[in-house]
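Here come two complexes built around subunit A, the first alongside subunit B, the second alongside subunit C.
== the complex of A and B ==
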């Protein structure tokens, strides 16, 4: 656990305690489990985003990917009545392919990640809308999908499955990032790609690997998100979700310049964003202030963290 | 220079593809139906337009959906339509109150109808659509029917800066005035479905005294239905909704949702197109003195939901 993670954890505890004091129902089982569910949904693709940011890249296309993969997924299940494991597999593979495409464009053709994924955002959003002729895709007229519904949005031992999925993803990616050679290469490429290349690392393969994982996790998130809302409207589904992911990663200690960040930090960043949205509803703050509350608390938290850090640094040198 | 010519190539290709279309449009008179945002609602309207087009094949009729629900995007679309010299435009203006200048420019150069959301201050020929305040009153009546004993109600909608949201809330408040149902709050989600669901979940976690929830936009009601079911509060929390999302209809069939107030977008599409054709051919008899053709709303509840479900499936079939 780094100092940044500790600071973020402390901020979470403080905000949680204040909210719980104002309304004890914040800590009710129902509310905590609802929140765990949302943390799972948003955490998984935030981790994917974090990996890409660590290499010094960015993925602006995840929200649009949810819309495109989401409409295809619902279409496969509802209109083509594809056996659900195949439908899930198709979505995961499609996510991988889109990730691979981004990775190749960035590494082989030397395009900027911002441009590649911004174009991705526009193209996927448009493709999703064209594919559905601007209609909403939903399970309203669907047949029997009980097993998959349970897998994607059910609960085991009272714990929502998206949260369990996040725990598994965080553990696997945590080991990959913090305990494997590939992980060390990711940081090396993010810190200084040139130096990494000269020291014999195949930097292209490493970067493509990050985009691949990001795509796969976006595919997985699509399946879970689709079952959370049960319908996908191609023009709005997942709008701005890339910003939630980027915010979670940056709050969690990832530097947009690359080379920094941890899986724990990204998860804590996601938790913070979800608590802030929950608190608006639980405390009955007008919905219109939702984003303003989120922005102010994050700004104050980061400011406090920085000031404390500076003072500690000053003490250490004194 | 080389870079620029590379970029110009796809643009030239796109233009050459569009040219024959424009040429064809000049032979036949074109009528456009400009909507505010992509939604199933408009898919149903599209079917109405298709029916009108079958009756009047000498016109080309098309629906145009903006990439974003913004007044600026809609303005660009209208300007392009006017440049193409379309004969008539029916539009669901995103911000009618502040778009009078744009609408009047369109009315000066072609036949302009408003649909779905009216712009009474503009020079539009006629409005064909729902009276959202009246629709709100209908929903208010349904809320009373669902809660004869009275109680606390919570409303959910995408954004409150949209006219139809404000008008529906106004209608609901009018219908409930002086009664024993209290509206506790209106929660908004900025059109994010996941947030729409979490708003309901959080409300259910926070308050055990809510007796009724109403979803004002098409996607709100299905999210209420799912969250209430997820929390096991079916029956204890009554639900009243708007529009005809598949899940809403399923919820009504299951008895979890009391009823929904539906508009008739099919009629918006059909009547707008037929009206514009009549107007262009010199027939103005269909325009009432108030210049508003109100398409009434319908109530869908347990008694008629099955028939309505079948009808919707047929209309929404895309392939």
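== the complex of A and C ==
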């Protein structure tokens, strides 16, 4: 656990305690489980975003990917009556392919990640809306989806499955990022690509790897999100979610310059964002202020981290 | 010109950095309408002296007099105000702006009162006659990005003229120019001189000095080595001034003669010099010095051998077997390693701990079922740190906290922990203090004695002559000569470096 993660954890406890004091409902089981569910949903693709940010890139397209993959997924299940494991597999593979596309455009053709994924955002959102002629897709009288519904939105031991999924993803990616060769390469490439190349590392493959993982996690998130809302309206589904993910990653200690960040930090960042949302609801703050509160807290958090970091650096050299 | 007051005089300029005396009591003067040639080897102090004149570096002692005013140190604004302008080796132009915007940068003609709009028509009208005077074949509204290096240089000169510079310093202006472009630049210099501008002309190309200089000043090891009047200027006299220093005994002979293997490059064409081919033979067990002037293509050759830059033609063989070097990965797999010139940018990841820098190139070795064995990683780093006598509290500290010499040792530790066959050292001791230098030399010798083929690129003449078993000299992308140890002399190296054959310079 880094100092950054520790600081973030403390901030979480403080904000949580304040909220709980102001409104005891915050700690009610219903509220906590509801929050856990949302943390699971948002955390998974935030981790994917974080991996890409660690390479020095960014993915603006995840929200639109949810819409496109979401309508395809529902269409496969409802209209084509594809056996659900195949439908899930197709969505995961489609996520991987989109990630591969971004990675290749960034590494082989030297395009800027911001531009590539901004165009992705526009294209996928447009494609999703065209695909359904802007109509909302729901499950209606689809066949036997009980198993999948239970898997994606049910509970085990009282804990929502998306949260359990996040725990598994965080453990796997955490080990990958912090204990594996690939993870070490990812940090090296994000921090100093030139030196990594001088060490004989295939830097382009490493970057593509991050986009692949990001795409895969976006695919997984699509499945969970579709069952959370149980319908997909292509113009609003997943709207702004890329910004939640970027916010969680940055709040969690990822630097947009690359080479910095941890899985634990990203998860804590996600938790903090959800607590803030919850705080707005539960304290009766007008929900129109939702974004403003989020923005202010991120701004202050990053500013505080920077100032503390500077003071620490000054102390270290003194 | 006798009797006239000098426009510039430097008196007793010294500059010390911790452990280094870059300038030691340098005095020179410059008359209006005079071209002063400034020569000296790499590291003789020319750049530092010019930085003093530009106001970038404050001298530790001495006086600077320009026109009627005197300073003990200049600021950049002082230098510009006094009419000193530079035409640099690395051009300082904004290539996203047009010619007129660059020439008048900071003194744009304005209109629109408080809106402070740039009067583009007036700017073009002011720049056009300057370009005409320099014989430029482009217009003020040409984007700089569309210009050749030679044309950009004219823009730099126009900028100096627009600033009404009385002293223009040309710092290696022709290093990237063709012969025809060089001739034209020299005629511009003549034109400026005729108009009364004082010029300091710095170059390694002695022929240009013979062509254009009225007087020559030579620096050596930060001191004045001598002055030549117009009629004394010649290749032989200048070379004699540039060298002439006792070499300290650095040389340790190899334990045994070089083996049969090694790295061999045949007809190698690098991207930097597409019209020149280089042949090089680095034998296992020897230290081959690679000398040459800055920009002669030495780094480019090393980058090509390490797979960083693609070879345009030619082949590379290790122990007689041809190699495919499409990326550093191929080179590393073959046991060819590079200790790059820019350690901080390319050799290390400064924010990572020493241990992680050491393991970076061989990380797969530490993978146990895809997880890293960090204990083993640490042990290897510690073993290397001990062997190299690395001065660091422990291998967990960030590489960026170490001194230059210790950073270089971390770069070496990375390669020595693997199985080196060939190590390419690019300026291995730049920015490293004397004690650590000796350790690096001893290390190179020990590696050579273990059968590693070593290439040492160096601009430090003492080092090249003192450490190498043989010296290859590069000039404009090709190997202009190879010297065996019995033929080593600064004179011989310098002659080959400026592109002369043995006979012509004698």
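Worth pointing out:
Throughout what follows, the second predicted complex is superposed on the first by the 295 of 318 C-alpha atoms of A that agree within 3 Å, B and C clash if a C-alpha of one lies under 4 Å from a C-alpha of the other, contacts with A are read in each partner's own complex, and residues count from 1 in each chain.
Criterion: a residue touches a chain if its C-beta (ideal position, glycine included) is under 8 Å from a C-beta of that chain, and two chains touch if they have at least 3 such contacts.
Source: prediction; values computed, not measured.
In the three-chain model built by superposing on subunit A, subunit B and subunit C fit together without any clash. Judged by the touch definition given at the top, the superposed model places A:8 against neither subunit B nor subunit C. Contacts of A:139 after superposition on the shared chain: subunit B is touched, whereas subunit C is not.
Contact with neither subunit B nor subunit C is seen for A:226 once the two complexes are overlaid on the shared chain. By the document's definition of touching, neither partner reaches A:47: not subunit B, not subunit C. When both complexes are overlaid on chain A, the residue A:245 reaches neither subunit B nor subunit C.
More residues of subunit A lie in contact with B than with the other chain of the pair subunit B and subunit C. The overlay of the two complexes leaves subunit B and subunit C separated by a minimum Cα distance of 11 Å.
For the contact definition in use here, the subunit B contact set and the subunit C contact set of subunit A share no residue. Of all residues in subunit A, those touching subunit C in their complex are 175, 179-181, 184-185, 187-188, 191-192, 194-202, 259.
Note for the complex: subunit A touches subunit B at residues 23, 25, 28, 30-31, 34, 38, 41, 79, 126, 129, 132-136, 138-141, 225, 228-231, 233-237, 239-240, 277-278, 281-282, 284, 287-288, 290.
Contact residues of subunit B toward subunit A in the complex are 37-40, 42-43, 46, 65, 67-69, 160, 185-199, 201-206, 218-219, 222-223, 226, 231, 245-250, 309, 313, 316, 318-319. Contact residues on subunit C toward subunit A in their complex (touch as defined above): 306, 308, 327-329, 331-333, 338, 340, 345-352, 356, 360-361, 363-364, 366-367, 370-372, 374, 414.
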